[in-house]
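Heads up, there are several structures right after this.
Two complexes are shown next, each including subunit A; its partner changes from subunit B in the first to subunit C in the second.
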Partner chain A sequence: MMKIFCLQENLKNALATAERIVGKNLNLPILNNLLLKTDKGRLKISSTNLEIGINYWVSGKIEKEGGITVPARILSSFISNLPNKKIELTVKEDVLYINCENFKAQIKGQDIKEYPIIPIIESPLNNQLDKEILKIGLSQVIGGVAISETRPEISGVLFDFNKNYLKLVGTDSFRLAEKTIFNKNDFQQPIIVPQKTIHEVIKILAEKNSENEKNKSLELFLAPGQIMFDFGNIQMISRLIDGQFPDYQQIIPNNFRASAILNKDEINQIIKVLSLFSGKISDIKFIVNSAKKTVNIFAQNREIGENEAQIEGEIEGKDMEVAYNWRYLLDGLNNISTKKVFWGFNDESLPSVLKPVGDEGYVYVVMPVKAV
Partner chain B sequence: MTNEELWQAALGEIELNLSKANFITWFKNTGVLEKKDGFATISVPNGFSKEWLSNKYQKLILKSLRNLSPDIKNVDFVISTTLSSSQIIPSSPNISIQKYTEKQPQLENQAGFEEFKVNKDTNLNPKYTFDSFVVGSFNELAQAAAKAVVQNLGTLYNPLFIYGGVGLGKTHLLQAIGNEVIDQNKKRVKYTSSERFSSELIYSLREGKIDRFKEEYRKIDVLIIDDIQFLAGKEKTQEEFFHIFNALYQKNKQIILSSDRPPKAIATLEERLRSRFEGGMTADISYPDFETRLVIIKTKADEKKYCLPEDVLEYIATNIKKNIRELEGALNRVMAFVQINNTPPSIDDTAKILSSVIAPPRKLISYKNIIKAVSEFYDITTSDLTTKCRRREIVWPRQITMFLMREELKNSYPFIGEKLGGKDHTTVMYACEKLNKEIETNETVQQEINLIKERIYNTL
Partner chain C sequence: MMKIFCLQENLKNALATAERIVGKNLNLPILNNLLLKTDKGRLKISSTNLEIGINYWVSGKIEKEGGITVPARILSSFISNLPNKKIELTVKEDVLYINCENFKAQIKGQDIKEYPIIPIIESPLNNQLDKEILKIGLSQVIGGVAISETRPEISGVLFDFNKNYLKLVGTDSFRLAEKTIFNKNDFQQPIIVPQKTIHEVIKILAEKNSENEKNKSLELFLAPGQIMFDFGNIQMISRLIDGQFPDYQQIIPNNFRASAILNKDEINQIIKVLSLFSGKISDIKFIVNSAKKTVNIFAQNREIGENEAQIEGEIEGKDMEVAYNWRYLLDGLNNISTKKVFWGFNDESLPSVLKPVGDEGYVYVVMPVKAV
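== the complex of A and B ==
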């Protein structure tokens, strides 16, 4: 019944995005499908895995209303291999007919009535967020979020909305990243968004498409236990994590036994090189020499050998030694793009802090490794 | 039929009408949240389920429910992220949405943020567990009740009221329950003292955040409050506590309380609270016997890797009878001695070390202290006690004074009679005998005497 025309490129992008959240569902096979349906002059493509749902509107010419659900992978792979020309989609008796240039295809599908209903959330938060800033902020905190679900409250990113700013926090209890975005917010309460959702949000924000050019801000909608991200022509709805995020502000130290301002690229390079020589627990040792204004970094692996490097910087405080897991350090430095990085050292029972010099909005806190 | 049983039966009928795939996907983690006035509210885990169930299966669900409970006229769906206490639908062998639970590559020496460890929500100390709780005849009832509660949250003994003297293990037991529940069932547990509860309440009232306070407490699955006797005399706190208690109790959420005395003996406790406390299970912890004390001391010595001779341990266990904390304190004192002098102590040494702990100096009091304490306690004047007045309100305190003077000061009967307004010595004898009998049979009288004694010795 349905009959529409659209451009291959637009359709391809929509299918690729929608398909990403489709999982291999053995219990309910229709979840492996995408829903295609005409909606107010556009084609709406929907997908869900029952935790996240996506609605993606594609512009086109609608001749007849209607819809169908078809297996996601087949449709997406097929369309992406077509030339960038006009595509004609027709639905007749649960079969999707695709015509493009000299390609003709039929894909068997199911009635739209069988497909789960993606909830509609109508209450906006009125906390508009700039897409670009949010994308950068989320990517700076998502890396440290706990992967395991044993502590559900930290398996997502905290959105701590305050009157004049938003704090994004991600942690796995060994390291923590906090990003502050200045924004006027009507809604002022904390919510925790699952990390899979955040990964998808970042990917959508990173898409270079006309919508993101046209519409620079993102709207959020909230319902009990659910959140919807409205990107313009894409809506993503996700569950929220129920629980209390730990009181993270307490752990960010303000005092340091020693502190250093180092050249970020230089220290990053040193850590990468030394990681080859690190021991079983991925540890590398930092030795701060306050008088000489140097930090010596040392790594040793009994089987391979050892390596030492030195870096100069503005150093204050007492001489000291502390060891870290180099992976956590590189993760943190990865998110710092300023020329210099502030490094606050503490002894092994307290966290250390990395901050970009000149950018007040980001803090990376990391617990050291206890000396062997 | 409980809500759970009702839902289980309804699901049985629904299952027959759906494909297995649909049944498992949409009805997993659902339950009956509430049934009131013909309305049944079904809790569903997420928005997708809510949409699907309300659009596609509402009629079927209503029909199945009505077959079991004809008073239900309408069905409503609510997203509730807390699971019902028992998973009614067993997970199918091919789990559709496999949770990504890859173990964090945890390196042994990597330290974690301290504040994340002691869960700030629950306030539980992980060192208090059932394993580290030594059981003896004096506390086996309390311990058995505690363990049973963990297996049957909210349904078996609710509330569980544990009382006993100081330093006998109440807090240990309460926290052990909390820790065990979190380990086993991952429920929401909150442990707090009634004093903290009270100050949080007052703070919330002052800041205007009282709704948030109430919400927070009503979301809990297991509420544990230590030293509930401190609620006595605090009306507003008791009232708030009463509402929270009811809200939780009606939802079959477990409540556990501890106190230094049974509910009956908590003065100025609202009657409705008292009756609720008594409506559950009350278990007391009395004083440990010698064997148990010895076991406890040995366990603690092992824990701290102290090596002490057997007779020293026995000496400590023999002489410190009433307080497990004191046992631990004595053990520490002896150990300190060992570390300073590098030799194991003999019995005589131990006796010396512990002399101040075992027999604390008795405060010297006179009959005047007794008279003053009793008259303050009963809110009468000291001269009332010495008059000829035979009114019950005066006679009873007078008899108590006589009893106490005899027991504490070992004064002679004639002396007591003389000091209390020229009463005959036989009057005093009668009073002492009567009180002795009362103490044996009447717990309230025991409590009164104890409280008065506390007054006497503590307000010097």
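== the complex of A and C ==
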């Protein structure tokens, strides 16, 4: 017998976020639904795919307490197309009645008892993190995370919580990205958060949402095998990945055979253009000339042709040649927002390093490929 | 032994246009190429898929006459990624050498003799049309053209040239769009132009391109089974469709059981929202009430639920009900840019009509569906 009023825009945002994790579940069709329920003076919208669960609280005027579960897609699409006006939601006998201006709709639903419960983690220990800093950090490491689940321990992002800092690390064994965030942490331990959860966290952090923007920081709560991200009016609970993350500190080299400080946009454009001529293993070759202070970049494809470009910069160390998969280079440069990039070159057997000049918190490590 | 200079932007636009009609042709791999050839002080870029052929002239400085044919994708992608500077193109022994700032590339090509000749239609009769008016007219009729080729005669747009006007017509037998353009025509006859050609013509007309914009009108030339669109610095030759277009004048009704003048944006939004609740045949029902001056629109889906909305307007005639496929309605409204739309309703067995109020040149005819 629920009856509530809320604003279209608030409801639309909540439904869009909750709907994103709803998949097509043929075995458990109730998971295609959202749960709507009055909760302490607000409307709580929940969804789960059994790996991730979301609770999203929306402000409104509650006239009668109650709830219902209805198909996610239709509700979300319908509400998103309505004008930004007051919406009346009423529940009678497993039907949701929606009134907004000159629209009157009825959506068939089910009793809320059918819907799985989304747990809330409560713990005396919680780590607080700045939302903006976390968003940038996660965006800088998620790109390199392994897509395949053959090695589940690298199919997520490592959160390595230490007393005074947090390291975020993503790798697929061909490249590795590490971001250091200085932060006092209540609990200290490494955990691996699934890729899909990270994508959802980034999306929520990127959303323009007045309720969300009230709190500058979010809180993390841990339970065995689970983590909860508490954004304020949104809580997301996710399973954690069980496994041992590689010893990333050992992988990051500190010594280089040669190094260069290059204009980031310039080298980025050169790699893009040369990529068209790369070989079967997406390889492009870097030739470092310390005397001339130049790096020549070269791509050759037996069928198509070849292409060469030159870039100047602050270059030190020995003359050398090394080849990379251009995709990994563009991914790395994409995470660097400074004007200049430090490039630490090594021989074919050791990884190279890209770092933003003037931002010590980020390191991108890339393995070379066999040159053509 | 060609050697020429031209500006990156001019070359990029020409390559992008010529490349669009290049398909994957496994039997005749040369058709994956573009033809580059000096021609009377300019560079001519040509492509063909044997149904459509394009010649595109680019300004430049010709130092040595010559030509080559090279793979379309790689050349177009490469040039589009270069800075907007002067480009040097040189041909030596079936290799195209490209120099631009600090980039040096070589692309393997073939002799121009391998490439099919793209004919030019020359005729004393030609119809001149205003580019902007043609672009709008074609955009308004192309949406309803039949996709399938089971009825080839309606798989293109009819150009019905008469002495003082041209009618453009597209239909898939469920709906029909007719646009009248007042124009003095040199040649007078109906021709059917393939859908793909029309899409390319619209794209070229929509391109921002200084050379193209010099001429406000384009010229059409006919030859048996072929048409040539002469845009100025671009010529496009296409085959025509052989067949008898339906007698469209007979299909367009002039009398209606009821009629309404509605706010276009309002009815458009109502249809969008209600579409979510439509039945298996995408049907939504219109209920006209002449006394109350209202139209109620109603959608019902047995599994999901139902939705109703009301719109007011200038309504005349008898009370009635009729149902439509909402997709056809949105397509029709999408082609109407006036604030008000005239809606001529008929019974289930006859088509209805949508017309922009204040623009007599356009008519959209839609067949009803059986109501739920």
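Quick notes on this structure:
Assume the second predicted complex is superposed on the first by the 368 of 372 C-alpha atoms of A that agree within 3 Å, B and C clash if a C-alpha of one lies under 4 Å from a C-alpha of the other, contacts with A are read in each partner's own complex, and residues count from 1 in each chain.
Here is the rule we use: a residue touches a chain if its C-beta (ideal position, glycine included) is under 8 Å from a C-beta of that chain, and two chains touch if they have at least 3 such contacts.
All of these numbers come straight from a predicted model, not from anything done at the bench.
When the shared chain is aligned, subunit B comes close enough to touch A:247, but subunit C does not.
Contact with subunit B, but none with subunit C, is seen for A:173 once the two complexes are overlaid on the shared chain. By the touch criterion defined above, A:50 lies against subunit B but remains apart from subunit C after alignment on the C-alpha atoms of chain A. In the overlay built on the shared chain, the residue A:273 is in contact with subunit C alone; subunit B does not reach it. Shared-chain residue A:102: touches subunit C; no touch with subunit B. Put subunit B and subunit C next to each other and count what each touches on subunit A; the higher total goes to B. In the superposition on chain A, no contact is made by A:1 with either subunit B or subunit C. On subunit A, the patch touched by subunit B and the patch touched by subunit C do not overlap at any residue.
Within the complex, the subunit C residues that touch subunit A are 71, 74, 77-78, 81-83, 95-96, 102-108, 269-270, 272-273, 276-277, 303-311. By the touch rule above, subunit B contacts subunit A in their complex via residues 21-22, 24-25, 46-52, 55, 79-82, 92, 94, 96-97, 99-104, 107-116, 120-121. The touching residues of subunit A, counted against subunit B in their complex, run 23, 25-29, 31, 48-51, 53, 116-119, 121, 146-150, 154, 171-174, 176, 196, 223-226, 237, 239, 242, 244, 246-248, 250-251, 281-283, 325, 348-349, 351, 365, 367-372.
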